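Please read the structure below before turning to the comments.
Order of writing sets the chain letters: A, B and C. Residues in each chain are counted from 1.
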Amino acid sequence: MWIRNAWYVAAWTHEIEPGRIHARTVIDQPLAIYRTADGAIVALEDRCPHRFAPLSLGRLEGDALRCMYHGLKFAPDGTCIEIPGQKLIPQSACVRRYPLEIVGSWIWVWMGEADKADPKAIPPSLALDDPAWRLQASQLDYDAHYLLIDDNLLDLSHLSFTHEKTLGLDMPQWADERPRSQPLDRGLRFQRWLRNHPPRGFMKKLGERLDVWNSYDFLFPGIFLQRTSFYPAGTAERSGGKAPAGEPLFHRIDEQAVTPVGSRASRYFYAVGTRAKDIDADKLGRLFDVTTTAFYEDKRIIEAQQKLIDLEPGRAMLPTSLDAGPTQFRKLVEAMAVAG
Amino acid sequence: MWIRNAWYVAAWTHEIEPGRIHARTVIDQPLAIYRTADGAIVALEDRCPHRFAPLSLGRLEGDALRCMYHGLKFAPDGTCIEIPGQKLIPQSACVRRYPLEIVGSWIWVWMGEADKADPKAIPPSLALDDPAWRLQASQLDYDAHYLLIDDNLLDLSHLSFTHEKTLGLDMPQWADERPRSQPLDRGLRFQRWLRNHPPRGFMKKLGERLDVWNSYDFLFPGIFLQRTSFYPAGTAERSGGKAPAGEPLFHRIDEQAVTPVGSRASRYFYAVGTRAKDIDADKLGRLFDVTTTAFYEDKRIIEAQQKLIDLEPGRAMLPTSLDAGPTQFRKLVEAMAVAG
Amino acid sequence: MWIRNAWYVAAWTHEIEPGRIHARTVIDQPLAIYRTADGAIVALEDRCPHRFAPLSLGRLEGDALRCMYHGLKFAPDGTCIEIPGQKLIPQSACVRRYPLEIVGSWIWVWMGEADKADPKAIPPSLALDDPAWRLQASQLDYDAHYLLIDDNLLDLSHLSFTHEKTLGLDMPQWADERPRSQPLDRGLRFQRWLRNHPPRGFMKKLGERLDVWNSYDFLFPGIFLQRTSFYPAGTAERSGGKAPAGEPLFHRIDEQAVTPVGSRASRYFYAVGTRAKDIDADKLGRLFDVTTTAFYEDKRIIEAQQKLIDLEPGRAMLPTSLDAGPTQFRKLVEAMAVAG
C-alpha cells in the first residue's frame, strides 16, 4: 500500500537533539533517529530484532545504540555488535539503517531499497537559518491520510473559502483564476499571474496595485515549495504572462512537507518567510501566526472529511473543474505504486 | 441493516438556533440541520458531494448552505446552485434533502425513499410550550444499540429493580402486575390498572389509596408515549378494568424518543410533566431531576449489557415471561426490515 | 485461544470487601466476586443469563446475588432462585460458578471444566500476614498479552539493562551467569549460585562478599515464586553448586502472578518481602518502592514491544542464547493448548 521507494521528511534537523534517541514513524515504519558524536544524523529501524523492544527506549553508547531490554547493541550502520551472554553474533542480527539526507533543514529518509536511493532526487529547500531569508517553522499532526492533505495543497481555490477570514482577504479569488500546470518528475508545477491585486497591510506601501507571480512545485509525497513575488502592476503584461525576470518588490516563500505516518495519521511540516530585507522578526511572527491559524482551519475540515469518507468507503466524489491538480497528482501516485 | 423507510427524531426544535448549522447523525447518516429565514427547519445530507467536507462546517448564506472547503453552494432543497470556477452545474451535484416534519417539539426526519414519507404516520406528541401542560425535557447519549434501550422501555418490570431507589418506591410492583398489550401500526400499546396504590410525596393529599391507569404506546424506532392517571380507589373496579372515562386527580405524562445514531450509539430524548394545574415549576423540577437520575441508572446498566453482549456475540439469552413486550417488538422490527 | 483448564489468580483476598460485588475479568470471562456471610469468597459469571446485565451492578441479598435489571436472583452456587413474575424457574436459568480456592493471599479461579479442577495443582504462596515474613503487595495492569510478561520473567538477564538504575546495581550480571533450569509440572524451575557478590546498602553489614542462591519456579499462566538467599562467600563452593543446607544470612522473597485479562490486557500481582527478622517496615517500604519502580520499567518496555509486534504480526524474532527459558515455557503452553 505504501510507496517505499521514495524520500520522506522525517523531522526538522533542530528536533534531533544530541544525546537523545527520537522515535518517529514514517509509512508505518518505526524509526529511531539520533546524532552520532560528530553531529551526523542516523535513522535506524526502531525495533530490536531480538524481542521487538524499541531502540528509542534504549541507550546511546558513543555512536551505538543499546537495546535496554536484553542489551543487544547496534552500530550506527545497523549491525549488531554485542549480544550479552553469547560470543557469536549471527548476520541476521541487525536493524535496518535508512538512507538519510539533510537538505535545507529537513531530514529526509529513504524508505525503500537502499541501492535505489538517489540524493539528487530530493528537491531543494531552504535552511531555516539561511541569512538571505527570514523564516519561521513548525509542524502539526493530522488524523487523516496524507493524500487528503495533498489534495488540499493541490487546489488553492480553497483559500477563498476555508481561509476566508485568515488568508482569504489577503488573497485574490484563487477559485476564479486557474494556474497553468506542467508535469515534473514525481510532481507538478503550478504557475500563474494574479493581476492588479490590491495590496493589504504592510504591503500597501509597495504600490496601489500589484501584479503577483505565484509559482509552486508539488512533489511526492507532499512537498509544497512555493514562491510568491509581488511586482508593480503591469509587470505581468510586460512579461507576456511568463515568469518575471527582475527582482520583485516583495518575496514570500512557503515550504511544506506532508509525511504519511500511518493510514490515518500524517505529519505536516511547514515554514513561512520572506527575504530578510522584506520583513522584520515581529512582522514575520504575525505572518507565521496567521499561517498557523489557517493550517488549523485545514486540519479541522480535512479530519472531518476523513471521517465522512470512512463512513462510506468507496462512495464516489463529484468531479469539478477545480480538481485538475489533485486528479493529476493522484494518477502520478497510482503510477508510482504500480512501478513499485 | 438500518430500517430507512421510517421517521426518526433528529432533535428538539429548540436545539436548532437561527443562523447556525447543526450536525446530527441518524442511522449513520450525517445531517446538517438549520433554519431558513422564515424559521422553517431543513435537514440536508451533511456531506458536500465534491470532496465530502461536512456542510455543517460551512456557511449559511440566506437560506442556502455554502461548503467552506471549495465553495459549492446548495439551496435548501439540496440542489447545487454554485460551483466556483465553473458555469455548468451537473445534475448529480446535489445533497440529499431529508423530508422533515415538526410534531410537538420534535423534529422528525424521514431517512428512506422520499415518496414514501407520510407525515400522518408520525405519532402525536406535545409541544413543550403547550399551556395546558407543564413539561421539562432533555436528552442523553448512549453507547449502545437502540434496541437495547427499546427493550428496557418495553418491559417496565425493571422499574422495581433498576430504579428501586429513584422511581421504585413511588411505583407499584411492575414486575408482578402485567399490562395487556395490543398491536399498533409499527408498535404496541400497553395498558393496565394498578389498584389501591399508596400515594407518596405531594400526591398524598389526593387520597389514602389511589387507582392508577397506566397506558403507553411504543412505536418504532423507540417512541414512548405514556400517560399515567391517578383516580380515587375503586375507579378501576367501576371501569370494569377498561380505560377510565372521567378526569383524573393527577395526570403524569412521559414522552420519549430513542434515535439510533450508529450501531453502538443512540440518543434518548425525553420529556416529563403533568397538566399545568397538577404541579408548580419547582415540583416539576424535582420530578424531572428524579427522572433524569433514573435514566442514568438505565444508561449504566444498558451500556454494561452492551459490552457483555459484544464479548460473545451470538450467545443466546434466557427467555422469561417478562419478555413479551420486547419479543413482540423485535418481531415487528424484523418484519419491517424484511419489508424494506 | 485461551487455556481454560487452569487456575488463575483473580485477586488478592484483601481486595474483596464484605458487602460488595467486585467485577474482574480473567481470559475474557467476566467474574462477579463477593463474600458470603461466613466470609467465604464466591466467583460467579458476571452476566445474568436473562439480558446479560452484569451481576456486579446488582445487589447482594444475604449470600445471593440479585440482578438489578429485572430482578433475577442467584444462589452462590449459581442456580437461579427467583425470576420475578413467574413461578417456574428453568434449569438453564443459572450462571456459572467458578471453582475457587484461596492459597496464601491469592484468590485462584478455575476457568475450565469444573470436574477437572484440582486444588492440589495450585502452587503454594505466602499469606501476606504470615508472621514469619514481612511482605508488601500490589498489582498493576498491562496493555499487553500475558505471555510477553512471562517472557520477561523467564529471562532475568533483562535486570542488568531494563533495571540498570533500579535493581541492576544491586544485582550481579544476570546476563552472564546462566541459571540451570529443570522442568516442573506446567512450569520450569531456575536455580543458580551467584558467587562472591559485593553487597550493597543495608546488606553491607552481612559481609564483604556474599554468595547468593537464587531459585525460582515459574508456572502457568505466569506464577513466579522466587527465593533469594544470601550466604557467606564460599558457601556455593561448599555446597558443590547445589542448593544450600543452612539458614541464610538474609532471605528475600518475591511472589508474582500474571493473569491474562484479555488479548491485550493483563494484571500483574506482586509481593516482595523478607523474613520478619531481616528487615523493618521502613526498609521494606523502600524495597517495595524500588521494586514497583522496576515493574513500571518493565511495563513501559513491554507495552511498547506489544505495539511493535502488532505493527507487523507474524514477523519473526531473532533467537539468542538468552531465550532458553521463554522458549521452553512457550512450548509448554503450546502443549497445554493442544491438550485442551
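Heads up, the rule we're going with is that contacts are C-beta pairs under 8 Å (C-beta built on N, C-alpha and C of every residue); 3 or more make two chains touch, one makes a residue touch a chain.
Nothing here was measured: the structure is a model prediction, and the numbers come from that model.
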On C-alpha atoms alone, could you tell me the rotation angle mapping chain A onto chain C? Nearest 5 degrees is fine. 120
For copies chain A and chain B, work out whether under half or over half of the interface numbers are shared, and give different or same accordingly. different
Centroid of chain A to centroid of chain B, CA atoms only: how many Å? 49
Residue ranges of chain B touching at least 2 other chains are none
For a test of understanding, state which residues of chain C touch chain B in their complex under the given definition. 28, 30, 46-47, 49-54, 57, 66-72, 83-86, 90, 92-93
Contacts from chain B onto chain C in the complex sit at residues 151, 155, 157-158, 160-162, 164, 175-176, 178, 300-301, 304-305, 308-309, 311, 315, 317-318, 320-322
